[in-house]
Amino acid sequence: MIRTLTATAATALTLAAMPAQAELKIGSIIELSGPGAAAGTNFRDGVRMGFEEINAAGGVLGEPVAITEYDSQTDPQVSRAMVQKAIDDGVVAITGTVFSSSTVVNMLVAKQAGIPQFTGSEAPSITAMNNPYIFRTAFGSQKGVPKMARYMAEEMGVKKVAVVWANTEFGKGGHESFLKEAGNYGFEIVADLPTEQAQTDFSADVVKLKGIQADAAFVYLTEEESARFLREARKQGVTLPLVGETTLIGHKVIELAGDAANGAMGHVGLTPDANIPAMTEMVERFKAKFNYTPDHNAIKGYTAAHTLKCVTEMVGEADSQAIADKMHGLTLTVAECPGVLMDVSWDETGEMSRESFFVEVQDGKQVVKAILPPN
Amino acid sequence: MTRTRIILIVLGIAALVAAPIGQGNYIIYTLTSWLLFSISAMGLNLTLGYAGQVSLAQAGFMGIGAYVTALLTLAGVPWIAAALISITSCFAVGLLLGWPALRVQHHFLAFVTLAFNTLLFLVLRNEEEITGGSFGLVGMPRPSVLGIATDSNLNFYYFALACFLISAFVMWWILRSPWGRAFKALRENPIRAESLGLKIRRQTLLAFAIGSAFGGLAGALQSPLVQFIEPGSFALIHSLKLLLMVVVGGAGFFFGPMLGAAVVILLPELLRFTEGYYLIIYSALVIVLMVFSPQGLIGLGQKIWNQFRPRHETRRDMKKGFQL
Amino acid sequence: MAELIQILISGLAAGSIYALAAVGFTLLWQASQTINFAQGEFVMLPAFFVLVGMGLGLPMWPAIGFSLLLSLLILGVAFKKLVVEPMLPHGTLPLVIATIALGLLMKESVKEFYGATAQPFPAIFPQKVYHFAGASVSAQDIGNLIVSMLAIGGLQLFLNRTRTGRCMQASAQNPAVAEILGVDVKRMVMYTFLINAALATIASVLISPIYLAKFSNGETLGLVAFIAAIVGGFNQIRGALVGGLLIGVIDNLSAVYVSAEYRSAMPLILLIAIILLRPQGLLGTKEGRAV
């Protein structure tokens, strides 16, 4: 017994004496329980898959990456503690959180410690706070919504529009961005319909939508609510075009809503149907690995992992400050960093931009109607 | 109070003072969260463990405290004034809510508080001109005490510790006062207590209102600690979490809520090796605990202790308190 | 007008499912003074049993049968034997806490072992939509309404017209006397738990094609069932039925005519009003319970 103990202790000492095995420690702080669990799990699995692929291909700068996952419980107070914990644990960079209400709090902690953070949040305020350590993995809604509003005004000739939105910090961000653009393009808002998260029944909302005269409806709900909304709209025979973001026409929504998704259109940052083989393959690998269809949060997580790898290799060392400095004004092309799936750049505020698509769902598939240049 | 007890309490306070020294920010922050939830759980314990009423709005009262403090301190009012107003408003809301609810049937306070907590969430989210809506309120200043700023996590910990010790003392004093002893009488035998001239309803109502006021203080601390508040942090689910804290620790025991809060806050950390399964394990353990020891962990500890000291009689006073 | 008809029909269809959950809720309360805070999760879980069954290669109907069986075992027998029974002597509070924990346990287990995202759920009714008077009604809506009314009506008949049913009522009203009269009270209470599990399965199969199967569904459904039971009358099946339908309709009406932002407030305000003005619920009878 004593011999075993000494042997174990000796091994432990040898291990401790050796240089740290993983040079790149990453903290993945995500919503694994509470209302954000669906989004958080997707993001986490994206990050996991990204880093597993990277490790399988030799890691970053020849060293394997170690990810530690922390559950923020979709609670700003806990998320702040978890970011603090990840930093105390000595991470080089942080991925997450997805819910903006958490990110606006915990990004202050990462900023104080000078740790770059790759967030999945889309609220405009995130990049408006002069934080040199925050980077997006998807457009802020102030970036995506104008592209779509412009398409609605110029290509679809929309004048009167109804807005259906989720009454959460996510939906509110999209709603505010859209109202601003509506002002710019002179849309008349004929109906403004907030809905509840996890609402069982959308019949009342669709009834209201039917009762108004509009050229289109802008629908900004999360994936599952979008699916329920689309089904109800189909049931009540709504004919006006339903336009939205990835959350209205993404793969998860098509899977959930079935035929009812046909005819819905919108703006997507990343789509597996845009003739980008890398993306289609990524989605297939994801399905095979995790046994469910990834939503846009999974793709955000996946590209975050690869971005981090490429940037670290560009600066040549796993140094938080160097990574953050390098990110500003950086453009990553698919040629030099295939894992980002599409060419992408970041500006001085950490906001990203990239080409995106306007698609319509036809026969259960996204069909690209226009390619929208980066803005 | 025996001499050993005084020594134990002094040692306990010394441990709390020493706890954060030399620790990282995360530990200090977590300890501060624990102090704050202990204050809130202590209040709920008065309602639940002593007056035998289930309140499902303790998180809501923390919300009232947090929002009142946030709005006032953002407007330049000193923290201490804001906190006092928070505590008073929670007390008043508690009275307003409890009075009609306790007028009818015994277990209806649970239903009314449940509705109240959800309504409060809706108001906080929808009235965004005042409350900031779902984007919440950011950047609440941390108070200065005697000219010392509490901006550093360590200083804020000591500030929260002071508030915690004051609350614990107040709670101890309430329970010890003749008026507070009536709670115990009430819990042990409500019918006898009434025949002795105690006004059960008034007594219960006050217990609920005071318990709510403790929630208000916890909220007043949460604002400057997190420096961000949003309606979601005060939703019904958090009230249920607080209820679990009190009962897991041991409802009706003075130190029950503190133990319960520690378990709930530290559990994710202790069960980290189980990866995603910690909530599953936690909830299963709570069920098992309720089956074997409805008096919570302290009750369980006492049971085990009594195995070794068979002459000591087990407390029977908890039996009557548990009525919805 | 068409608008109003649409709202009423959709509200009744949704409300009938709430009623199923609420009826089970009141049954448990009557039989064993159990306030089941996991009732929402009881409605969430059977849908996943169906999905697991279909994942094992069963066609839809046998999978539903499989789910019913598992629900009776887990939500009925195991819940009663392992959770409720050992705790009854401790009074109400530990049981309340245990059901809160049970709800958490079920929710987190589904999330960890099945998945965190919503799953599509097969429809049991044809995907047809009928139009009349300007309103659109799906076969699903009509089916949901009919099935849940039949289930509740059947239950009411069973309780009033059969010997077992009356014994169950007697056990709920006065277990001591029932015991003296030779009723096997324990068995009757067990029946109640089985009926609750069956109602939850029906509700789950009816609502999941619309609501989609997701681990967190119980949060919303549990709250609605709770409100419906209190509003209708905590001690009457017909009260829970009316409560469920009423909540379904009020929810939709207030979303259209009052305020979408406060739609979920209306049922709660109703709840508070009921407690203050008519604590026994709309159709409930007064309970002569001491402190």
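For reference, chains read A, B and C in written order, and residue numbers begin at 1 within each chain.
As a working rule, a residue touches a chain if its C-beta (ideal position, glycine included) is under 8 Å from a C-beta of that chain, and two chains touch if they have at least 3 such contacts.
What you see is a predicted model; the values in this text were computed from it and never measured.
> With contacts counted as defined, which of the two, B-C or A-B, has more C-beta pairs across the interface?
B-C
> What chain lies farthest away from subunit C once each centre is taken as the mean of the Cα atoms?
Following the centroid criterion, the farthest chain would be A.
> If you average the Cα atoms of subunit A and of subunit B to get two centres, how far apart are those centres in Å?
Each chain reduced to its C-alpha mean, subunit A and subunit B end up 36 Å apart.
> State, to the nearest whole Å, the distance from the C-alpha centre of subunit B to the C-alpha centre of subunit C.
32
> Any chance you could list the residues of subunit C touching two or more other chains?
Correct list: 108, 219, 261, 264.
> Which positions in subunit B touch two or more other chains at once?
125-126, 237, 276, 279
> Give me the residues of subunit A that touch two or more other chains.
Residues 33, 35, 167 of subunit A each touch two or more of the other chains.
> Can you list the residues on subunit C that touch subunit B in the complex?
Residues 35, 37, 82-83, 86-87, 90-98, 100-102, 104-105, 108-109, 112, 219, 223, 226-227, 230, 261-262, 264-265, 268-269, 271-272, 275-276, 279, 287, 289, 291.
> Under the stated contact criterion, what part of subunit B meets subunit C in this complex?
Residues of subunit B touching subunit C: 48, 54, 100-101, 104-108, 110-112, 114-116, 118-119, 122, 125-126, 190-191, 200, 236-237, 240, 243-244, 247-248, 251, 276-277, 279-280, 282-284, 286-287, 290-291, 294, 319, 322-324.
> Can you list the residues on subunit C that touch subunit A in the complex?
Spelled out, the residues of subunit C in touch with subunit A are 3, 6-7, 10-11, 14, 108, 111, 115-118, 120, 129, 131, 136, 138, 207, 210-212, 214-217, 219-221, 224, 248, 251-253, 255-256, 260-261, 263-264.
> Taking the touch rule as given, give the residues of subunit A at its contact with subunit C in the complex, in rising order.
Going through subunit A, the ones touching subunit C are 33, 35, 37-38, 40-42, 167, 193-196, 198-201, 203-205, 207-208, 210-211, 223-224, 227-228, 231, 235-237, 252, 255-256, 258, 291-293, 295.
> Write out the stretch or stretches of subunit A touching subunit B in their complex.
My answer: residues 32-35, 69, 71, 73-77, 80-81, 84-85, 87-88, 100-101, 104-105, 108, 123, 125, 167-169, 172.
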